[in-house]
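The structure is given below, and queries will be raised subsequently.
Order of writing sets the chain letters: A, B, C and D. Residues in each chain are counted from 1.
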């Protein structure tokens, strides 16, 4: 692992190390928690043939939507594309391979990798299309589907605050998949609006302990709030 | 589930509802996080034939040590009895059945129940005594041991603060198994030093959302710090 | 006069008991939000990771980190908490959500629900619907009784891929409130001005109707 | 003059690189705490749920909610965090702990470690030792070279139930520092005043000794 004392990077250096064809977890549920600045830097950096793992596809023109539109994404593992018609079009046109998981199973497959397990046993989706082809096992007289852990080379996560050791604090519903992904990938690159010295984050408030985080990048709120769009209620 | 508006109980009423022979998860790693006041009330209440699930056996004369000494505990599922010689004696004399799990697997077996899964796949302990008799499965060309979820009728947990809906905040290393157990049991009884109105706990600071908690009991710090013993370093 | 959707929502609001934890599905059910009075001690769960959602008040600035699962900016009420996606779905899978309202493409006499996919036409993914449908303690479907072409949505047997089987407790449409029972769909309430024959004609599933016990809404 | 344990601990402290995350096993390894200077940017992990432990200073009142896995009251250094047991062991199983020091009943030439159970005599449970031994990136054993009866603890092959197999990188005793290599145990350092023949006599495992490269400690 990266030494605690060597985690702070500038954003170009952080994303430049991501290899072509990498499998990348991306935090966020819709816009909140999406590491927009890291994604824009990744687009700039040029890697293609990527497999992305994200709850959704953001919206057209922002976040992973931009990477999909630029043809950089080979495969997307997700739960829902509802807000991104260009991603749906890319899928329907065969330009984007999409693998869907029920949202909670997607979360748990990621969490499972983060916990160092090989998989878990679930009863979700039994008798539906989701369970077709899923391996089953009987335990305590009941059938269970085996969901393998979902691994990634890199996770890109968004935090409200970080310290230079890589401790992270998320805010409100910008948490979502971020803490799970921050434990699950081989390399974890975190962007944060505020980067403090160790000891400045209240210890009971830290959501992701620094041990899981490889690199920390400070980003401006302005560069990472482009994703904010009005949605009615 | 208990309605949000009906969770506050006095301590005697809370433990009186626990049935004879119940399987009970008990929070705490050593003394911190052990719900001493609830355990003392349970001893008072008289139920026997219990199966307890706790990381350790506390120390002689306190916490679950008292229940073991009073002959109320039939079986203990734990990771280590190192600090409790009376529990070791009871085990060696055949008065207490003890099932040991490696500490992290014990935590995950509890977490697995809390997540609503049937079990998980681990490589911990392969080739050791721990894996003897454990069912194995092959996945992605590797052997994995199947660890079933560990369920309980009741969890007794300790929190620093609660509100009357059952939101919980733990403190420092008094967290340990408490948040896991608070999600895992059918009925979850939480003791807290401070019981607030809803809205008084900072929303980003809540560790266990109230949805998982059945009953909340306010206890005095004095009645639940009997367990504090000096240990050298 | 109340529109069809207003009538559905007003009737649906009567399903909620103070002290419950309630999830509102995307679309029509989300609008139930506005039918739950502020003083009612109910926590609305949204699967992106919040318990205790409240609609933003007029003029309240949006908090860009605070949305519901439909993407709308929300605020929270006293007793609210936020958490990650794993915790959110643990809450669902462990049946710690008391009640959920969901839309439907099709729902049938056995309480089967199809609301996520129309093969060849609509398949944006399942999101959290499957786990909610399968595990929440009580699922109430809110939908129009017939689709825009007038075809029944309350079927003898669903034809679309299921979200979950046998998961629906009650169905509330613009025409009726129906309970899923072992004997079939039992009409609880019928819309004002509608007679049972008209209701049967608009419904593919056989209906159990006891006019002496049936209410109006 | 330094005692045997002081020599072991002083030598062990040289294994720690600034910026690392280090776990200290119960017993002798815990005492390494006092050999890590305050200004050294190292976070000590304790499996009960804390990263960044620091020994309590003289006169500092104990915080009853702040212990390490041995039960001692601790404090924390800047950059510390606290977390639940699942997160703590995820950190271990995912090899996010760089280095752990553990005691041993027996350790052998293949890097197998036995430190949790003596059948019929001592079996208080395994605690977190198995996961630490199996998954931490580098495991250094700290133990006396011989047991209190003078029997070797550094064996050709462990006889007690294993904690984990092939997990040990380095062994530091009062007599020697030895690395586990594919060819066997290679002596890195030998205690001041001890000659290789005495070391071999006190050791059951065959030792690879290159006197030209061997250090003293």
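By our rule, a contact is a pair of C-beta atoms (placed from the backbone, for glycine too) under 8 Å apart; a residue touches a chain by one contact, two chains touch by 3 or more.
This one's a predicted model, so the numbers in the text were calculated from it and none came from an experiment.
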Checklist line | Farthest-lying chain, centroid of Cα atoms versus that of chain A | finding: D
Notebook entry, point to check: So which has more C-beta pairs touching, A-D or A-C?
Noted result: A-C
Checklist line | Where chain C and chain D are represented by their mean Cα positions, the distance between them in whole Å | finding: 57
Next item on the list: Give, as an integer number of Å, the spacing between the C-alpha centres of chain B and chain A.
Entry: 32
Next item on the list: Take the average of all CA coordinates in chain A, do the same for chain C, and state the distance between these two points in whole angstrom.
Entry: 29
Checklist line | Between chain D and chain A, distance of the C-alpha-averaged centres to the nearest whole Å | finding: 36
Item checked: Residue numbers of chain C (touch at least two other chains) -> 82-83, 86, 89-90, 93, 135
Margin query: By the touch rule stated above, which residues of chain B touch at least two different other chains?
Written below: 108, 115-117, 123, 171-172, 203-204
Checklist line | Touch relationships between chains, expressed as pairs | finding: A-B, A-C, A-D, B-C, B-D
Item checked: Residues of chain C defined as touching chain A within the complex -> 26, 30, 33, 46-50, 55-56, 62-74, 82-86, 88-90, 92-93, 117, 124-131, 134-135, 161-165
Next item on the list: Mind listing the chain B positions that touch chain C in their complex?
Entry: 1, 3-6, 114-117, 163, 165, 167, 183, 197-200, 203-204, 206, 209-212
Next item on the list: Could you pull out which chain D residues touch chain A in their complex?
Entry: 17-21, 41-43, 45, 51-52, 76-83, 86-87, 89-91, 93-98, 135, 137
Item checked: Residues on chain B engaged by chain A in the complex (per definition of touch) -> 108, 112, 115-123, 137, 139-140, 142, 144, 146, 148, 171-172, 203-205
Check: Which of the residues in chain B come into contact with chain D in the complex?
Finding: 29-33, 55, 78-83, 88, 98, 100, 102-105, 107-108, 111, 123-125, 127-130, 160, 170-180, 207, 225, 228-233
